[in-house]
Amino acid sequence: MIMVLIKKELLTELRAKESFVTMAAFSMVIIVSFAFTFISPSGRFMEMAPGMFWIMVLFTSVLGLQRSFAYESEFDAFSAILSAPVDRGEIFLAKWISGSIVLTMVETIAIVPFILFLRIEIPANLLEGIGIIFLGNTAIMCLGSFLSGLAMRSRLSNVLVPILLFPLLSPVIIASVKSTTGWVRGLPIGVWETWVFILVSFIVIFGLLGYTLFAHITEE
Amino acid sequence: MNPFFSNRINLFWLATVFLLMVVNVINIIYNTPMVPDQEWAQKIFYVHVPSAWTGFLSYFIVMISGILFLIKKDQKWDRIGLAAAEIGTLFLALVLITGPIWAKPIWGRAWIWEPRLTTTLVLFLIYIGYFMMRSFSDYPERAARTAAVLGIIAFADIPIIVFSVKFWSPEIQSHPQVEMASQPPGILLPFIFSITCFSILYFLMLRYRVHVLKLQGR
Amino acid sequence: MLEIRNLKKSFFHQPVLDGISFSIQEGDSVSLTGPNGAGKTTLLKILSGITSKDSGEIMQSFKSFLYLGHAPGIYAGLSPVENINLIANLHHCALDSQRVDKAFSDFGLANHKYEASRVLSQGMLQRLKWMLASLMDWELLLFDEPYSALDEEGQSLAGTLFQSWKGERKTILFVDHNTERSQKLSSRQFILQGGLLEEDSVL
């Protein structure tokens, strides 16, 4: 059943391309704004690059979540899912997984101008970096999908999601930036593994909580 | 007419809390020893730490009543959760005000990212979102459910926030409050007394607020 | 069998359903009428699990049900055929593609099969709901205003379908504002008013 739901999420996104296009465009805008605010035309900015990267991811993920849940509200499509014999926890998992996939796709595109415009040196050990980004994405989308479901029937849900999400994600923001910094500086993994541990525990805790509690917030 | 305080037991506790608080303040001002280097600034700890304790206790109660609300679907638990959230946020605001008052003369700066204060600030922000969620919800019965879930999520986040914030700025030392236990009894006893006063005050406030919410028909 | 006992639901501390009890047997076609804001839609949404109840018991022995709400209830960005397949998958229901093709032409939607559902008119979306109901296996149908926005051709299609369901002794609970029509279609009539439900036994 979860595969049906994930397929549905990705198909809706593939047809409309709303999340993807808005997220990709928004990341470009953020990158250029970073360049104007933090960068002198001659400098290199490796020190700030991890922070800028995760701010970009955080902001674009909120846009993606908004679109993804707007699909559910239009035509009250969500009622078709809710009235079907589908486990509510699986609805959460499908949103989480598909959201992470779309976010990763956007990052794959946005990373090119990010490296190019902000003159980033590509660090060694690409696999480590991919692992960190994967964990960060998964953690952000876990709580993001949950809170979007929580807020989807409120007025001002577009505003509520970031206001609730960002402080709740503060461990993820810190851990992602710290581990990315460790990786970019080429430090051995032992130095920054605590941060990876924080990311993993966040994913486990909120993945389980989200799966169990989603049933209580989907109903009108 | 105020039915809450016309109840004799409640009236007794109101008088007791009032008396205890007066004794507490006098005790803190005149009776506690001056700590070298900190002088008067240190005395704010007799308010700061009990406020933090009641604030976090309150958020713990929000979580417990959230779980009970989801299981029993009894409005009573929603009222307790909302009251605890409100009062907890009030006490954490007190923590955020008294922290910089102490830090300014001691550390020379009103705000440094001390782990426990940072955690308090993050939680305070989460609960601002909590109240916004409650008031912007489509109807109060659903708001009760989302608030219960949010209370659980917020509390589950606390240990991760504490842990990450601590490692985020390891160079910044925590306040010396952990060592409070090893302080001479001149400090420890008034401190325990103050925490007791705050706890009794807290539970009276909670009872009163739950009562008011019930009268409002929530 | 569907049995409801003392079902309650409030919005803004106002009870909309104030202790409703009824039971529906297999083969019943039940119409639900009542003034605006009486809670008809809310009742259907609670029965289908979209809205939570405050208290009360819902017991049922139907293996599967289909809920068709007032809104289209499909993904606006997906085409009608994608939506039909999705909903069938969610209900663990295997659809034969030839049957689907035939249904699309029967309901006059063959030209819009692959377009985004967003471009369909209200009437077409309503036809799509009827088509969905005709394709899927269900033992209980919960249908909110089945006749809204249908043109005459659509109404006669719907009427034929409804009669065939009655012939198969399928169980249907539907909301309709047209008293005359709902009395003709249904075997039992429920009236929801002031938070309470009564069965109209005058007939």
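List of remarks:
Each chain carries a letter (A, B and C) given by its place in the written order, and its residues are counted from 1.
FYI, a residue touches a chain if its C-beta (ideal position, glycine included) is under 8 Å from a C-beta of that chain, and two chains touch if they have at least 3 such contacts.
Every value quoted in this text rests on a predicted model; they were computed, and no experiment measured them.
More inter-chain C-beta contacts link the pair A-B than the other of B-C and A-B.
Centrality by Cα centroid goes to chain A. Each chain gets a centre from the mean of its Cα atoms; for subunit A and subunit C, those two points are 38 Å apart. Taking the mean of the C-alpha atoms as each chain's centre, subunit B and subunit C sit 50 Å apart. Per-chain CA centroids place subunit A at a distance of 32 Å from subunit B.
Across the assembly, subunit A contributes residues 219-220 that each touch 2 or more other chains.
Taken residue by residue, subunit C touches two or more other chains at 52, whereas all remaining positions touch fewer. Among the residues of subunit B, those in touch with two or more other chains are 145. Interface of subunit A with subunit C (complex): residues 1, 4, 8, 11-12, 15-16, 71, 74-77, 79-86, 219-220. Only residues 45, 48-52, 64-67, 69, 71-78, 82-83, 86-87, 89-92, 116-118, 125 of subunit C touch subunit A when the two sit together in their complex. Across the complex, subunit B meets subunit A through its residues 70, 122-123, 125-126, 128-130, 132-133, 136-138, 142, 145-146, 148-150, 152-154, 156-157, 160-161, 163-165, 167-168.
On subunit B, the positions that touch subunit C within their shared complex are 73, 139-141, 145, 217-218. Looking at the complex, you find that subunit A touches subunit B at residues 143, 146, 150-151, 153-157, 159-160, 163-164, 167-168, 170-171, 174-175, 178, 194-195, 198, 201-202, 205-206, 209, 213, 216-217, 219-220.
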